[in-house]
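Heads up: the structure comes next, in structure tokens.
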Amino acid sequence: MKFRHLLSTMTILGTFAASSPALAQTVDVQHYWTSSSESKAMNTIADSFKQRGGKWIDSPSADFDAALAAATSRIAGGQPPSAILMTPSSALRDLASSGQLRDFDDLAAKGGWQKVMAPIVWDKLNVDGHLVALPVGVHAQNWVWYSKPVLEKLKISEPKTFDELFAAADKIKASGGIGIATGGEPWQQVGILYSAFLALGGPEYWNELIVKRSPEALKSPVLTQAFDIFRKVSTYADPASPGRSWNDTTNLVVTDKAGFQFMGDWARGEFLAAGKVAGKDFGCLLTPAEKPGYAILIDVFAFPVNTDDDRIKGQTLLADSIMEPAVQEKIAEVKGSVPSRTDVDTSKLDTCAQIGSKTLATPGAAVQAAYDALAGDLNGQVTDLAGQFWTDKSMTTQAAVESFSNILQSE
Amino acid sequence: MSSVSIRKIRKSFAGLIVLDSVDMEIAPGEFIVILGPSGCGKSTLLNVIAGLDDCDSGQIVIDAVDVSGLEPSQRGLAMVFQSYALFPAMTVRRNLSFGMEVAGTPKATIVQKVDWVAKLLQIEVLLDRKPSQLSGGQRQRVAIGRALVRSSSICLFDEPLSNLDAKLRAETRVELKQLHETLKSTMIYVTHDQIEAMTMADRVAVMHKGRVEQFAPPQSIYEKPASLFVAGFVGSPAMNLLEGSLDGAGRFLVGQRSVSSSTYPFEEPSTAGEAVLGIRCEDIDVVEPGSPDSIPAKLAFTELLGADALGWFDCLGKRMSVRLGVDAARSMRKEVGLRFDIAKASFFSASTERRL
Amino acid sequence: MTVVFFFGIVAVFFYGSILWTGYMSLTRSTLMPNYNFVGFDQYIKLFTNHRWLVSCLNMVIFGVLYIVGTLAFGTLLAVFADRRIRAESLFRTIFLYPLAVSLIVTGLSWRWVLDPVNGLQGLVRGMGWENFTFDWLTDPNRAIYTLVIAGIWHSAGLIMVIILAGLRGVDEDLWKAIRMEGIPLWRAYLQVIFPGMRPVVASCVVLLMSDVIRGYDLVIAMTKGGPGIATEMPAKFAVDYYFARVNLGLASAASIAMLVLSLLLLAPYFYSEFRRRT
Amino acid sequence: MTQSLPGERSVFGPRAARLGLYAFLFASAAFFLLPLLLVISNSLKPMEEIRQGNLLALPVKPTFDAWLTAWKSACTGLECGGVRPGLWNSIKITVPAVVISTLAGALNGYALAQWKWRHANLIMLLVMVGLFIPYQAMLYPTVKILSSLSLFRTYGGIILVHVVYGLPYTTLLFRNFYVGVPEEISRAARMEGASFLRTFRSVILPLSTNILVVVAILQFTGIWNDYLLGLIFAGNDNLPMTVQLTNIVNNARGSASPNVNMAAAVITAIPTLIVYFLSGRYFVRGIAAGAVKG
């Protein structure tokens, strides 16, 4: 009968560890912001929350996948966290439609939140007509970053088209630098492909192609052009590119070893961390397009349904802290994103953030990034395809376009 | 048939002397048994002969050729091991042929030899089995077979029967002896079993603490042990030993008693001093107590051995064995006298422990 | 009783999980479980998925090279260490310590060593051999071999110790017989000693195979499946689909497929184990 | 008795061959040491030297700054306390998990190897299946089982998970060991009237020191180096050191400082390295005692 003893010991140990002193307004936050700039951003929220009298339990994990794994496990195990940092992806929709998320319709109505958010942001946060996530900041994927000193030295002005961009890159390459710095992970590569779709086709086409996945859009020559540009970018890859992380890649631009990088605006955090100033040491532009789009990725908090009274109060308190304009502004400042509230004072933000805020506010410009718009599976398959096309030079554009169409039509 | 000379072999290991100047001349075709208790250096000696162990100094000469520097495989020897050391993953046939295969022997010769050995040892039906499918006795035969196919003129055996049961051991002993008669090769056989030594050997080398104590035909080892050690080690029951002293005038004094030593063929006449008398159980007569030249003894118990019996007597503070007829043993009285056949006895110097 | 308890735990956890996973693989579950039965759709999707097929092929390539390579290298080390060398325990410790290092750290370290710019290639070029090229890590056709190198690095020591133990267990008379027969050392090892150690080698293969099938950490730390999908593995496929790609159904199908696959690979071992012991 | 060195003269008699042997051993040693030396050397570099690239260059101005950062001030989430807070948790989880899974594996292995169950082989086979399931694929159902035992995200729970995931491995190793132990030993004990457990504890375990050490070491490394199970099952108060390590090394969108990463990796690996260096001899002896004889 020894095992029964063992089991009961475990249970006792278990309950002992689980019962923390009951304090009013507690939140347990599952997130993946562990770098120094991310820590600062998270602390902005936490500080504001604590000032309001809340108790914060931090549950960080290294990356996105691990955080999601931990969060879903905890929900499945009946010990949901109070808040999960995530993106409005199919995972969010899944959680919401299976009734796992608390909605904030009442708070939103009271605070008039719908009015202070860009419509596309608001839409992304609502599932089945309920507000199930609160935004902490808006990132966009289709940015290009460049080193001011490199361009100035070679007397290149900021490119307005892909042709100018490639011409500039060639010049940098000829001078011994890296024209376009690219990293080696498939998600970095697919980002460039998506940026090309958006730049060449414009926001409406993007919505047809990625959001609605309409068969007509798949016939457009834009696909071929975009894959060609994607292939062209891949030819600038330096020998160390494969497998390189995005921030090591950004670092090449930071240290003036490379001219350009296609990367979302989280890259700005790297420049800022290295003490660089936007507009002076580095420049930024949205991928060159006639009609610039803005493929947004929103960092959001979702709030799993909690039953504990103290936890529920904590969630409410946390929601207030997140939506606080001063908090939103501060996060944008330390993290390189754009505030998700449109009523935030952006004058203190740097030039890049201002371009971002302006585009976000432009009607019709902002679109959902593919990561959020496509079901997890589809985005994954496109990512695999992009990675394959990038490394396997024998794969023809034709074949790539065909695979791409097949993937988008498979669901 | 080859001769083997072992000359002044010395070997020590970690400060311990394993072989202490061993000399041995082995004639062609002889069956030599090296006998001794464990740890006496007999296996090491065999390994040195085989070339499996290096010695510190000395020579191994085979047919007038010094082979000391040669590899085991180049010495023209064959060897059978205690654990048989069959190649585990090979069939019996390959076990027999592998060495020849490696040596590049022509195929036809290999086949022929394997057949010959298989027939000789009656292992034809086992040829396609693996060692793990054989019984102990069968493995033993295969191991011998593997040694024989090498058709070496010298064959070494390292306690090859110690893993067999008593009955099989007795049978194999006979077969080995017959095999030796048939093949007439020189055989050097290491064992701690004196029966094997007595029954098979032309000559026995008794080893003790790295030295050869005696190297002689089995019968003389039994009858005229060269040292106290040999006397105590060979023979069952062991030789009765009595400590006493020789007076140099034909008497051996033990405690308050004495026996005549005048019939003993001393190497040096009128030897005197501390000595040990060794006498076999069959060289003692039981007589009436008080008979001349007898020593009083008290019967402790008797052992019936079937053909004959052993009587154990307390005599001069020792327990001594005496071989008796079965009837005599049954009717033995308590108080008797023992009379020793001194002519067949052995005297050893108490100091050198050598035969006098 | 206690034994039954522990076997019970294993049964509940492992077989409960297998059953549950099997069930999930027949549903269209995405992030959260969904209990609507859809038949074998997920398996059809799985085996028409390019990445899955590449993953399986990669696992076979990696598995064969890793197992053969680790066995060969570990055995070689064991044989040499068995040659009565000086400082044997020092060498043994050096060969063994990678086992103490997690696969994540193993992967990262080798990634750093093999980095074409900052690692080995850069160093050799810096020493003057400008044309020296060792960029397997970034070559889609060769990246898988870098995983093999790191894997061997991690496990060769364990195999060495196991084989060494086997060698030390070899009957000394057998070695004597080999010398008497004049069998060259390489033949002795290949034809006499190793065939006699078959059970030991089989255990090694099973341990290594378990590494291959569960191989996730090493890939994650070293290549993240890249370049492209050149080094994707089935375990990574399953994990990616569980969470990042929010497709519990497909991930479950992948897990079940892997389990079936590994059982097929192990069948010979089990078979011989049964025959030997009963 | 001297032991004859197997086939000594036949191949390595010539000095050249002996030299070749050592050349191979030294080359192998270099191969094995390279990553460790690289990681240690880079962890001692200041950031300026890291930025210059070449990872294989030796540090010019060695400094322990990165080690200090990794130990107590690198950010791992909201907190920036390095890997230090996890050390005690790691020990607290690893030690009991190793002890229980090792002893339970010994018990199971003994039961399978020495007790004539009707289907002992079949059971072993069923247990071994556990070796071939990627544990990541079992997270979900495991969560369900643990939460139904109310052990999810508790100290007891994480230990149970490690024990369960370790059992197939430990059972296999012990079984292969006990298959080689003569059955007479436990029969004799039973003749004396000892119960199963009593036999196991008083007779079998004392025979098993070597193999116990081996399995304990293997389990120690396995459990110490685990990250995902700790993250999901340990609960916030018990997160092991590896979670902090991974948070430092893997942060997705932050600036990279490889020297700190490497220092953190080394710090986290130190306990297992110590265990190996201290017990390496037993480890080898234990495996020699038949841990893996199949």
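By written order: A, B, C and D. Residues from 1 in each chain.
In this text, a contact is a pair of C-beta atoms (placed from the backbone, for glycine too) under 8 Å apart; a residue touches a chain by one contact, two chains touch by 3 or more.
What you see is a predicted model, and the numbers here were worked out from it, not measured in a lab.
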{"item": "Leading chain pair when contacts are tallied as C-beta pairs", "value": "C-D"}
{"item": "Per Cα centroids, the chain farthest from chain B", "value": "A"}
{"item": "Inter-chain centre distance, chain C versus chain D - centres from mean C-alpha coordinates, in Å", "value": "16"}
{"item": "Centroid spacing, where centroids are CA-atom means, of chain B and chain D in whole angstrom", "value": "55"}
{"item": "For chain A paired with chain B, centre-to-centre distance based on mean C-alpha positions, whole Å", "value": "90"}
{"item": "Contacts with 2+ other chains: residues of chain B", "value": "47, 52, 71"}
{"item": "Interface hub residues of chain C, defined as touching at least two other chains", "value": "2, 6, 33, 115, 117-118, 176, 179, 184, 198, 239, 242"}
{"item": "Two or more partner chains touched - positions in chain D", "value": "4, 10, 139-140, 144, 160, 246, 249"}
{"item": "Residue ranges of chain C touching chain B (in the complex, touch as defined)", "value": "171, 173-174, 176-177, 179-184, 187, 191-192, 195-196, 198"}
{"item": "Touching residues on chain B, where the partner in the complex is chain C", "value": "47, 50-52, 71-74, 77-79, 81-90, 98-99, 102-103, 146, 150, 158"}
{"item": "Residues on chain C engaged by chain A in the complex (per definition of touch)", "value": "1-2, 5-6, 30-33, 49-51, 111, 115-118, 135, 137-140, 143, 223-230, 239-247, 250"}
{"item": "Touching residues on chain A, where the partner in the complex is chain D", "value": "7, 9-18, 20, 28, 31-39, 42-43, 46, 56-64, 66, 69-70, 73-74, 76-79, 245-248, 251, 255, 266, 269-270, 273-274"}
{"item": "Contact set on chain D toward chain C in their complex", "value": "3-8, 10-12, 21-22, 24-25, 28-29, 31-36, 38-39, 42, 53-57, 104, 107-108, 111, 121, 123-142, 144-145, 160, 163-164, 167-168, 172, 176, 179, 196-197, 218, 221, 225, 227, 242, 246, 249, 258, 261, 265, 268-269, 272-273, 275-277, 280-281, 283-284, 287-294"}
